[in-house]
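Labels A, B, C and D are assigned to the chains in the order they are written; within every chain, residues are numbered from 1.
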């Protein structure tokens, strides 16, 4: 299997789908001539031309709306948000239009559209540029939400997203673009609603997605040295959610920790906890724990950013807690 | 104690605070000459004049931003959103500016501002006009969130909100404006973070806010006839949350149902469930149940709206479930 | 208030008369349909918000008459007239207002969210200004495909202060999209008169910010609307030049059924009623185009029947279904 | 590219020379401060995004020179120069970039979020256009209080397509707020040249949509900036007429430190460097105002010292604290 970066995997997904289907196009700030703010669309303008790789002004509500209108009449837009932080100026388009048009038209208009871009904190970008907003969009029926942690998942999920007839919120890891990983050769898609066990283990179930999978893997490695085996379940899509995979894992381990980069209150971690305690009530040997960002806007200073974000140490501590260690 | 409507209670709160403090003003669509889209500001233009009761164009991002700027330099704006559905076009102002300015300025600028208006479904207003968005705003650190269920709470919490030096999301019940209730005479404020037991009971704890308190009260009355006594805990503010009151109640009843008007996924109900299972793990005799809107955009047809919204029947069913009845 | 004189017309060719008769018919049917809806609303048979278009009919009917069926229309929550003019049967509209499964949006959308894919009516939207970029996107698709279609986007004067309006027009102008934006300036956004919501009196001036073509005229003469919108459509279709058109009009009813409309004087309303586009068209047909009274009466009777039948259809249709609701959130 | 000729000046009064010397000093200090910041960034001592203002200094310095200390400034993420010109000490800025608790925002805001309450500098904001309505709100407060203050709001050419820009200007014009909007047209938003982001070439034309006063000029001469902004400030303060000003300028560096800037040719950049506002001011002082070279050298040496001291201060300051972070989310 070839090894490629997460960034390149996304590029492959878009390029393959654009080669396959004339209706697919990419639109966003700096996606064309600049080759992408994070270089995800590198080379695509050259390959597909200005008609299909479209640079926009800084008008997210405008071009998200444009994508929605275009999707209503049969095109299949990929709308790049430079980062998900900027989606907030287009929140009305995503929540009041994209999520609702199919239902409020009585099913007449489907919306095959992908909104994609990086989410989460990068390094010291401060409060307005460091938000993991997946819990907000996961709240909204009518949207799908994919949030891959590896190059293979990034490619496979993005291809599925582009082919999906519904609006998909696709959140990439801003700090994962350089991550290398193997990708199956040839056609590779990952279905929505099917999670993946990123590390098997018998003692504790850790539910994590996007970058937090990697933080959890580090924690698991550290714990393995002490004889604790964590099972890391990556749901890969939050909407739909592979609840079964999570619950079955918890039924084996009897313990569950959710790790998320976003804020705690009303976060998706709470959702996982709700479902786990409901579906595996009698199997739980300890309350579900969550590890989240601290409940503050992200500060600029490097060491404080580390304090705010979930870390290996905090994951280890949570695992120890559900195991009643120390 | 005088009996007034929820609408009138809000009007009193604003009027009293405006009489007390020159810096307080009211701004929003139709708040002045039209006397408020829901007549909450009836008479206020006449009393306080155009300088302090300000009609705006339909520019929510604009006037929410105006409020934020004015608050930074010491005024105390009350910004009315005609409904919270329209806050989505101003989401960036609320989440990226209001919630963050204090922290990102190193504490130099406080934001004494209230964003208020009705939330939730009214009657057949369809998908774009029927959203209970509290879970989205409760997610965001830097904001406070109050969501009263009775005239007394509406008045007391709004006065507290206006005096609070932080940005407050204040969500009124669109269908509660006509609700009558007693209000303590004279100065009446309700502190943030202090919940209220709307009905005491020994068998099951129901956590509910805003309109869902009333749906729960009906359910509780029905259940009382069968000998089941529900305790209804109304947190009144979701941020900060009176976790202690909820948890202590659950420790007495050993059972918990959360009733919320919003969508299930990543809803505040999940947050309550997470906290309850964590803080009262050994006390719970059944998993925490939640009753929410169905996971769909709100349909127009009346009977379908009833299917989607939490109802007395569904609350009763959830209570029976945690009691393992039938 | 500036009064418009009826433009004198030479005795017109019969085709022109037939065309105006058809536009008159449409306007009248819309009027009757909404009157029936208002009645049903008062009887509690229709719920939610109901925003009547009464008084503004010449705008939708005239503008849409200039379209070909392949062209697209995107509108607001005040869109009964636009849907009808674009081809949606009155019965499907009425059934929607009644929340029936035979409604054009299966009873899930209601008054504010009529959609009709078969007639390229891309919906009524409830968030002021929120549909403007979406309309630009529909036009974008036409340009992308080179299908020669044009999109007509309607909105009220209140939209002009919304960010989404600005962004939608920015992109349409920058990308030369085949679209015509029609601001139906009925001079009020809910209870707020234009002078308290806009810093300019001439809404079409907004076009200057985008270097966009613009036009501005009064909207009581359906033929004038058709003609002037037709020019803009030609610019859009042939030259890929979008236009912002402001059409002055007036709603005779409140903002919605729940609005008593106390912010306008009786005199103002009466003054505007003199320019009611429906009798205006009738009078033109009768006095300037020589249409016999009997033919007019027959046409009017047909409208009445059509709407009665629509109401009956709505009342007898089965309610919206849970199955449609559940299956339409996502496409499987 | 249109070349600007240095405007010939009569031998100026000494006060004028002193004033320009001060503006030159400010520009130079900003330049040196940012050069030092770029160096520290390369050494990994500063993180995050760092957007340099190098090349544009005459805009902030000239415009803010026309203010009185009570007036307010609101700016973007490219705001080191604006903060400095408004009075924030270089050391407090530098310490902020280093993430130190002695930083002007206690190390919590960083480069994009300098705030200085004492100097009425209301912040740097990271969301393009998001601060524009906020600035209108500050001006609203001045009107509300009748305090006679004016707000200056700076933004880039890229902001002009944002909905928030539109809404902020709508309200300012409608309510006659004492505010001046300054679009720093550096001709690129990130890698996108103006002609690919705007449908008009003259950004000040946006003012027409609001019936707002407007102005437009080149920004390499700090005195011209001061003068023309001064006129707008007078209009704002005395007549409550807001103005949109477009000032043409250029950034010599990439969009941020991580941008290699390959979308511009060397020639283009070299051409613009001939209009570098810093040497332009120096030359004016030297050649047209008779300021002795020795005085200039002393001033330049003072700048160098000031910035060295600022860097030292930053490096020796204690890091931002968890306590500040936790206690500043809410006011208790």
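Everything below uses one rule, namely that a residue touches a chain if its C-beta (ideal position, glycine included) is under 8 Å from a C-beta of that chain, and two chains touch if they have at least 3 such contacts.
These figures come from a predicted structure and were not determined experimentally.
Using the mean of the Cα atoms as each chain's centre, the chain most removed from subunit A is C. Chain pairs B-C and B-D differ in how many C-beta pairs are in contact, and the one with more is B-D. Taking each chain's centre as the average of its CA atoms, subunit C and subunit D sit 47 Å apart. The geometric centre of subunit B is 37 Å away from that of subunit C, both derived from CA atoms. Chain centres here are Cα averages; for subunit A and subunit C they lie 41 Å apart. With touch defined as above, residues shared between interfaces to two or more other chains in subunit C number as follows: 105, 107-109, 113, 125-127, 130, 161-164, 166-167, 170, 174, 197-198, 325, 329. The residues of subunit A that reach two or more other chains are 56-57, 59, 61-62, 85, 88-89, 92, 96, 103-104, 126-128, 141-142, 295-297, 299-300, listed in rising order.
Those residues of subunit C that touch subunit A in the complex are listed here as 72, 74, 103-109, 113, 115-117, 122-123, 125-127, 130-142, 144-145, 163-164, 166-168, 170-171, 174, 324-325, 327-331.
Contact residues of subunit D toward subunit C in the complex are 161-167, 170, 173-174, 197-200, 205-206, 208-212. Contact residues of subunit B toward subunit A in the complex are 61, 85, 88-89, 91-92, 95-96, 99-100, 103-104, 126-128, 135-136, 138-142, 238-239, 241, 262-271, 273-274, 277-278, 281, 284, 286-290, 295-297, 299-300. Per the touch definition, subunit D reaches subunit A in the complex via residues 47-49, 96, 99-100, 105, 107-113, 125-130, 158-159, 161-164, 189-192, 196-198, 263, 319-320, 322, 325-326, 329. Subunit B meets subunit C in the complex at residues 29-30, 33-34, 37, 55-59, 61-62, 85-86, 88-89, 123-129, 295-297, 299-304, 307-308.
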